[in-house]
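Both of the next two complexes hold chain A, though its partner changes from chain B to chain C.
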Partner chain A sequence: MSAAAQEGGGIHHGPADPLFDITIPGTDFHLPIYNFVITSWVIMFILVFTAWLATRNMHRMPKGIQNVWEYIVDGLFSFFGGIMGEDRARKYGPFLGTCFLYILLSNYSGVLPGAAMIKGFVPPTNNVSITAGLAVLVFLSVFYFGIKAKGISFFKHFFQPMAFLFILNVIEELVRPVSLSLRLYGNVYGEETIVAQLGEMVPLLVPVPMMVLGLLTGAIQALVFTLLASTYIAGATEEHH
Partner chain B sequence: MELVSGLIALGAAFAVGIAAVGAGVGQGIASGKAFESIARQPEVSGTIRTLLFIALAFMETLTIYGLLIAFILVGKIG
Partner chain C sequence: MGAILESLGFEFPKFLWQVVNFLILLFLLKKFAYKPILNMLDERKKSIEDAINNAETAKNEAEKMRKEYETRLAEAKQEAQEIMAKATKLGEEMKHEIVANAQSEATKAIQKAQEEIKREKDQAIAALRDEVAVLAVMAAGKVLGKSISVEDHEKLVKEFVSEVGDLKC
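== the complex of A and B ==
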């Protein structure tokens, strides 16, 4: 049995041993740092650093990296505008767009050569903790944006269309983060496992078609995650007339 | 004990396998209808694509539940 297949038993919590441990001498406190945390930090650094580079010295006529970022932001905002309207897209677009870019870069970090083989280099979305964290963020932001936009009347939609459906509505709300996180995790993990298994059998060329498919899946899953998040937020903040 | 482990593994495989059949058929029908309507009216393709992705995501959720059950079952194998 291959090593990858043995690893696949149960929910995959990433590599078992942390890369290093942050400890405070004299206390019991210790904070294990896993591989995917490092990759996550690198992705965050890339996003923040390029955004800083692009906005540091802005011109009316964009050129270079500012041009690239304006293209990305413009595309994302018009995408969200199609779902929730132009003015709400401006309000909630920054959060949703950041989710999209982070997930996209995370998924694509898995196709770089050496991913999951070099220490400290594992796609973060290949881990259920990271996707669950993102889903909880979306879950909380639905409440935050909803209460901010509609006040206490946000909770009215739990009793609609009929009061006795309250329990069903609560269950629906609670299931959302579960399905969001597991969808992203399941797709990325499944794709990575298939590539690992094929690579184990035939290391050369054979995994390439699966990796190309992984490029497609990575983009679509990032899109689906943000699309669902934006429909949740749009549903929580829409005005009834 | 080995029989029990084997049965649990079979159950996990069936959980995700049968869930995938239903979701696959449903997604196929939905995508086919979406392509038909885009071919008929290419000017609304953007809206249809967005709606299609939302619908596909909801159908996929059912497979994800099967996957969740499979993970729970595989975790129970000693």
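== the complex of A and C ==
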């Protein structure tokens, strides 16, 4: 972490980012608190708090917030179940579902009116560092889940269908996080930029269609990211005969 | 590749923040959302399955019981009919018996009465015979003009009776 802090200390993007530093008492260590971190925390708080409300006192006959969360979880798990089967969806669903919910709310956080005007309110997914974080987690989870499910034979698929394709397979594996992170970042950043530019030129009404489109893109990109992640994990944990 | 990422605005601390935040979120959602909700869904699924199975079993049971009762009812009806038939037969038999008894009783009574009559008649005849003998002796005495002593009288009656006794009356 100290290396990260030093590195982060030098680079600043945009005004007041990081918003502030927290100095750990007794050390020289600065913990930068970025705008997106605050937004992330708000998103995390909303998700965890509503989930806590929903499951704090569960009823067999669901109502209110419990119904909403049951709908979300059931919907996500049946979606993953369609890709990798119900058993594996049970194992990997929490990771994938969290990806989807976090990305969706991140994307939508930028659509909120006046989002750009509040300090510490930046959609996390319009920053490549954040989408890279998510993509690297997917990349690592593919290895983690793959090795956990199949042991050493997980690595066999790098030599299939022919051993000499090993290099290509490795490149493919490495390109995945790059494409994942850049796709998500590009879409959200592009969307945000267009809305911002249009808003600067014609502040009234004109950006509205783009914002509506933004709602669509936000959901689609969250879905695409999660869908790709789940096919990667499904491929890595698949039992070959 | 590092240069490309940097030109896009990649910053390692942000990346690390994201990884940490995401892992925390994953942990918390697992604890507060996925686990309890999936458990609840499983539980509900199981309870619905149980309920359906129970309903099925209860239905089958009811059907079985209905059949059993129907069989029993049919049996009971048949039995009742049998009992009725038996009772009717028994009644008939008893009637016959009673009638027969009454008839034999009547016959006996008639017989007895007839015997009684016969005996009375015999007795009357015997008594009459004695009386006639006495009267005859007395009449004879009157005709003879002399009374007969008591000893002669009895002797004569006995002789008369023993002679007449052999005759049919």
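Quick note on the criterion: the second predicted complex is superposed on the first by the 221 of 241 C-alpha atoms of A that agree within 3 Å, B and C clash if a C-alpha of one lies under 4 Å from a C-alpha of the other, contacts with A are read in each partner's own complex, and residues count from 1 in each chain.
One rule holds in what follows: a residue touches a chain if its C-beta (ideal position, glycine included) is under 8 Å from a C-beta of that chain, and two chains touch if they have at least 3 such contacts.
Keep in mind the model is a prediction, meaning the values are calculated, not measured.
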Check the residue A:Pro124 against both partner chains and state whether it touches chain B (first), chain C (second), both, or neither. second
Let me test your reading of the model: by the given contact rule, A:Leu47 touches which partner, first (chain B), second (chain C), both or neither? second
In the overlay, answer first, second, both or neither for which of chain B and chain C A:Met210 touches. neither
Going by the contact rule set out at the top, does A:Pro94 touch chain B (first), chain C (second), both, or neither? second
Looking at chain A, does chain B or chain C touch a larger number of its residues? C
Go through the superposed model and pick first if A:Val224 touches only chain B, second if only chain C, both, or neither. first
Touched partner set for A:Arg183, first chain B, second chain C, both or neither: first
Please indicate which partner A:Ala149 is in contact with in the superposed arrangement: first for chain B, second for chain C, both, or neither. neither
Can you pull the chain A residues that chain B and chain C both touch? 11, 178, 182
In the complex with chain C, residue positions of chain A that touch it: 1, 4-5, 7-8, 11, 13, 32, 34, 36-37, 40-41, 44, 47-48, 51-52, 54-55, 58, 60, 62, 69-70, 72-74, 77, 90, 93-95, 97-98, 101-102, 124, 127-130, 132-134, 136-137, 178, 182, 185
Which part of chain C faces chain A closely enough to touch in the complex? 1, 5, 8-19, 21-26, 28-30, 32-34, 36-38, 40-41, 43-44, 47
Residues of chain A touching chain B in the complex: 9-11, 82-83, 178-179, 182-183, 186, 220, 223-224, 227-228, 231
In the complex with chain A, residue positions of chain B that touch it: 46-47, 50, 53-54, 56-57, 60-61, 64-65, 67-68, 71, 74-75, 77
